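The letters A, B, C and D name the chains in turn, as written, and every chain counts its residues from 1.
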Amino acid sequence: MKRQIPMLILSAVGTLLVVSVFIPSARHWQEDASLYFDIIAVFAFFLGGGNLIRVHTEKVNRKSAGWIYSVVTLLGFGIMLVAGLFKIGNPGGIAGDISQTGSYFQLLFQYVMSPLNSTMYALLAFYVASASYRAFRAKNTEATILLVAAFVILLGRTALGVLLTNWIPAQLSVLQIPNLAIWIMNAPNLAGQRAIMIGISLGVISMSLRLLLGIERSYLGGDN
Amino acid sequence: MDSALIGTWLAALLTLGIMSFIYKDNLYYKVCEAIFIGISAGYWFITYFWDSLYRKAWVGIVHQGDYILLGGVILGAMMLTRLFGKIGWIARWPLAFIVGATAGLKMMVYFTTNAMAQVHGTVNDMMAAFSGGDLYDLIGRLVILIGTVTGLIYFYFSKEHKGVFGGVAKVGTWFLMITFGASFGYTVMSRMSLLLGRIDFLLTDWLKLVK
Amino acid sequence: MIALLRIAKSVVFISSLLFVMSILPTHSVYSQDAGPSVSDLGSITVRAHDTDNDAGGAITVEWDDPGYEKLAGFVGFLIWRTNTLAGTNDSVEVTPFGTRTYDDRSVSDDSTYSYSVAALVNGERLMSAPSVQVRSSKQWFDGRLTWVLILGLIICGAVIYFIESAKRGTKLFLRRIAGLEAIDEAVGRATEMGRPILFVAGIQDMDDVQTIAGLTILGSIARTVAEYDTKINMPVRASLVMTAARETIKQAYITAGRPDAYNDDMVHYVTDEQFGFVAAVDGIMVRERPAACFFLGAFFAESLIMAETGNSIGAIQVAGTAMPAQLPFFVAACDYTLIGEELFAASAYLSEEPRQLGSLKGADVGKAIAMIVILVGVIATTIASAWNSESMLWIENLLRQMFSTG
Amino acid sequence: MGLIISAVVIGAGLLWMLYLSIKGQDVDRRIVYLFVGATVALAIIFRLEFGEVATPIVKSVFDKIENLPPGSKIVLSYDFDPAMAPEVNPMANAFIRHILEKKHRLYFMSLWATGQSLLSVSLDDVLKPEFPDAKYGVDYCNLGYKAGNEGVLNVVITNFRKMFPSDANGNSLDSLPMFKDVESLKDMDLLISVGGGKPGVKEWVLFAGDPGKVPTAGGSAAVSTPLLYPYWPRQLIGLLGGTKGAAEYEAELAKTHPRFKDKSMPALRMMGPQTMAHVVIIAFIVIGNIAYFRSRKKGGQS
């Protein structure tokens, strides 16, 4: 019983949504489903946020290693909740939009969250460099092909690429690195992308069918 | 004191804190990480709260009479049964709803926009780059054809990659490698500009070293 | 952008309407002032019919222009509607230049309508004869999707056929996938070293199939983890994923016969913010030093940040995603990468259950169809363009029509 | 001066890395990080700029404008919004300078509502101060924005006046001397669309350039550039992709027309640090491979 009902819900909802694609007057089911999803996700957040608070409070109570950071996290979470729920400092008051400039919520976003966010993102530049240094080595055929393709595209995007090969006569201009880079993007790269995309969609179809037919149900949990 | 100035200092200190991680994990980074987690979790909760719960559900049901949304609220409430041990299994119902909806919707989306459109594209628009009849175009077409077909053969599961079939699949992996190499090379520059933005902020807006 | 366009459109519409209204009382329909060129032109022919493939409530109006648009002073075409049941008239829209068709979405399925189109030239309205009476209706099937349905049924049919035949005991062969064999090895190593394993199911919520695929693999990994009694740490970015992952791991522990060893804290929510989550996962990696990291699901720019950090602590890393843009980074920084489709096939492989394996065989039929169509299509297009072959052109057009999705 | 310091610091560092690698020692990843950070910081502090060399895909646009006879008619369409502006606005400004310098006639328009205001900024900041002699209606005119996306192109390909009864300032087209011999887009000598979304370069190719058989060129944001490559060289005579493409064009312009040398070249300035970082990464790959082959020769595993 505890397993059959969820299974039934899953198959019914999935099948209805597949069918709705073909029936013009049923298309709005798809929008309804994503609205439902949004609403369920907020309720789920009460579990997630609750988990966050519980994990960190426990750390503080037990004074386990790094408990002081948990205090900081809890403080940050609390400040943001208070600022956002009561819309403190919001020029439009409680009825105004939360993202209005001047509200504490927006200030915290602008001066705290936003720089943290873009700096974390910017670390990517460092990792791109270390990955290139370490991983792009001609260890075997595959690695060599990867390396050569990346190298040609990289060269093609700097002045070096033009300088190195602009002695190649116009008839063979395809072989100049910038042109070669574009050709790689146009032909073999496109072919590879296509194969990956087609493969992915067939993979999604077979997995979705496994789910709808109830063959794959590990995420639905046990009988208790 | 000027609030924008405080803001800039705060932003600069947080920027340096996160950057210090690439040297090694340290106290400074841990503090920034803790702030980041707390503030951002709160940010998203508030955003969901006002946007989904208040604007979509409450306003939709109470003010606009969109009673179909009640179903979402009921399913959402079922999610919370997890908090009450004994009846926690009810939370599987909304989960089943979501997995079913995702499977059904995404199956069709992937089928039309990935599979069919890509096959269509290979037959149809790939010719844009190689539409002529000279050697350059013929080679281009041939490469796309071979690349797409051998790439698909690589993903073929029900035959061992041995003999001729294995050789063809091997060619497929080469094409995948070119694809990976090319996308890696192409994105490097845009990744650099992100770092450029941060360092520029530190040097120009904060330290005012550069005018 | 769209909103701006809408505003601009309505401004144009309202101003044209005002313009039309201002001239209506002073000019008769066939005014004497009409220039010679106007009267030389024939009348506009109007056809109206129910809009195809919709849910009702719309009628398509089409007309041809005998040459009014070329006249100096041409403003636009006015669509004029008569509700033949209620006996009311109203103007619906003034269309922009170059338009010859208009979908009137403001009709009711319960009434009948007839349409006229007027060319607005130099302040005159040159009205066409009314169209036949039409009524809008809804269609039960979107005719544009016939081929989608047929091809979809073939592929789904193949998947179900192989599942059924596997159920009856037919032996199915499947090639090996290196990345999957590495999973057991990775878990084994973590056990030996007495260190935890880290599992990240991507950064998307449950409405992404890749997240679900990641969780199905988690099911298999968690079974091994339970048997070996290794520690698993799974930070998540979305609360729903947390709930689903807990169900998955708990079920795996029960299957492995160790329900007592399960603990909800194996899965913990961090934050919904993409890079906040990354900051936390990086922190976990350098502090807990997991021996194995799994990144299976939908990833964006953070793929390389996580994989490089994992690499720096010397963990065995297995990644898998269907995000084409992130695959290169995983390939460069991880030990094994499940590429695209392999991510979705992985759980079926790991389960070793015949029915699941059968579904993979079905997907292969889809790949075979795609390969044949591409082969035939490209050859046909090439021959058609090189030698003007009629039959090849026919094949090319057929394929184009089959695979066009609207 | 700055260049020398940077070159010495970075060059010495790379040589040291090469030395370590040849000796078979693995370079710590932090040194790699330090390099990337130092490279970018040095390039920003010393405002390093490099003589970008135009790639063929950019050069062909430049040559086209350079070689058209004076008085040729060129359309420049602003098809972008403020979010894309940092990448593509420099292209538009470079086009304006080049076109007016060569005494061509320039017709501005926009398929994006938001392009209109960016267009007026360009007129006020670049065109009017740098070309005080250019006369409105004779040397350039602004048709402004028209709603309708590619539908606008469908109309102007046969008739300008149907879609644009007047220019952005309300003058009738017939009152503008430069419209005397212009009936439709087909009378133009070159079409240029600068943008990164839809409608954009692709729509100009498919709905204007191709049907009207008018040479078409474009400038686009880096992310959408690979999608446009297939149209080159047949349907697009050339394409400026991202900051890189803009910088190449600026460099070419400064080289051929030295009077623009001291003008602000934002793309070139942004490219400096990026190119430096790029070269350093290329160097990493080379050094990494040298190290790998050395270690293999010694019989060890990498």
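Everything that follows uses one rule, which is that a residue touches a chain if its C-beta (ideal position, glycine included) is under 8 Å from a C-beta of that chain, and two chains touch if they have at least 3 such contacts.
A quick note: this is a predicted structure, and the numbers were derived from the prediction, not measured.
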{"item": "Other chains in touch with both chain A and chain B", "value": "C, D"}
{"item": "Chains touching both chain A and chain C", "value": "B, D"}
{"item": "A-D against C-D, pair bridged by the larger set of C-beta contacts", "value": "A-D"}
{"item": "Distance between chain centroids, defined by C-alpha means - chain B, chain D (Å)", "value": "28"}
{"item": "Geometric centre distance via CA averages, chain D-chain C, whole Å", "value": "32"}
{"item": "CA centroid of chain B to CA centroid of chain C, Å", "value": "15"}
{"item": "For chain D, residues contacting two or more additional chains", "value": "29, 33, 36-37, 40, 226, 229-230, 244, 277-278, 281"}
{"item": "Where chain A touches two or more other chains at once, by residue number", "value": "21, 34, 37, 40-41, 44-47, 49, 52, 113, 116-117, 120-121, 123-126, 128, 130, 132, 134, 136, 146-147, 150-151, 154, 156-157, 185-186, 193, 196-200, 202, 204-205, 207-209, 211, 219-221, 224"}
{"item": "Contacts with 2+ other chains: residues of chain B", "value": "18, 21-22, 30, 32-33, 36-37, 39-41, 43-45, 48, 79, 82, 92, 95, 98-99, 101, 103, 106, 108, 110-111, 115, 119, 122, 126, 129, 131, 144-145, 148-149, 152, 155, 176, 179-181, 183-184, 186-189, 192, 195"}
{"item": "Topology of the chain contact graph, where touching chains are joined (line, ring, star, complete, other)", "value": "complete"}
{"item": "Footprint of chain B on chain D - complex, ascending", "value": "30, 33, 36-37, 40-41, 44-45, 47, 222-223, 226, 229-231, 234-235, 242-244, 270, 273-274, 277-278, 281"}
{"item": "Complex contacts: residues of chain C adjacent to chain A", "value": "53-56, 138-142, 145, 148-149, 155-156, 159-160, 163, 205-207, 209, 212-213, 215-216, 218-220, 236, 238-240, 242-245, 247-248, 250-252, 254-255, 265, 268-276, 278-279, 301, 304-305, 307-309, 311, 322, 324, 327-329, 331-333, 339-345, 347-348, 351, 353, 355-356, 359-360, 362-363, 366-367, 370"}
{"item": "Touching residues (chain side chain C, partner chain D) in the complex", "value": "1, 4-5, 8-9, 12, 69, 74, 96-99, 312"}
{"item": "Chain C-facing residues of chain D, complex", "value": "29, 81, 112-114, 147-149, 151, 154-155, 162-163"}
{"item": "Contact footprint of chain D on chain B as seen in their complex", "value": "22-23, 125-126, 128-129, 131-132, 186, 188-190, 192-193, 195-196, 199-200, 203-204, 209-210"}
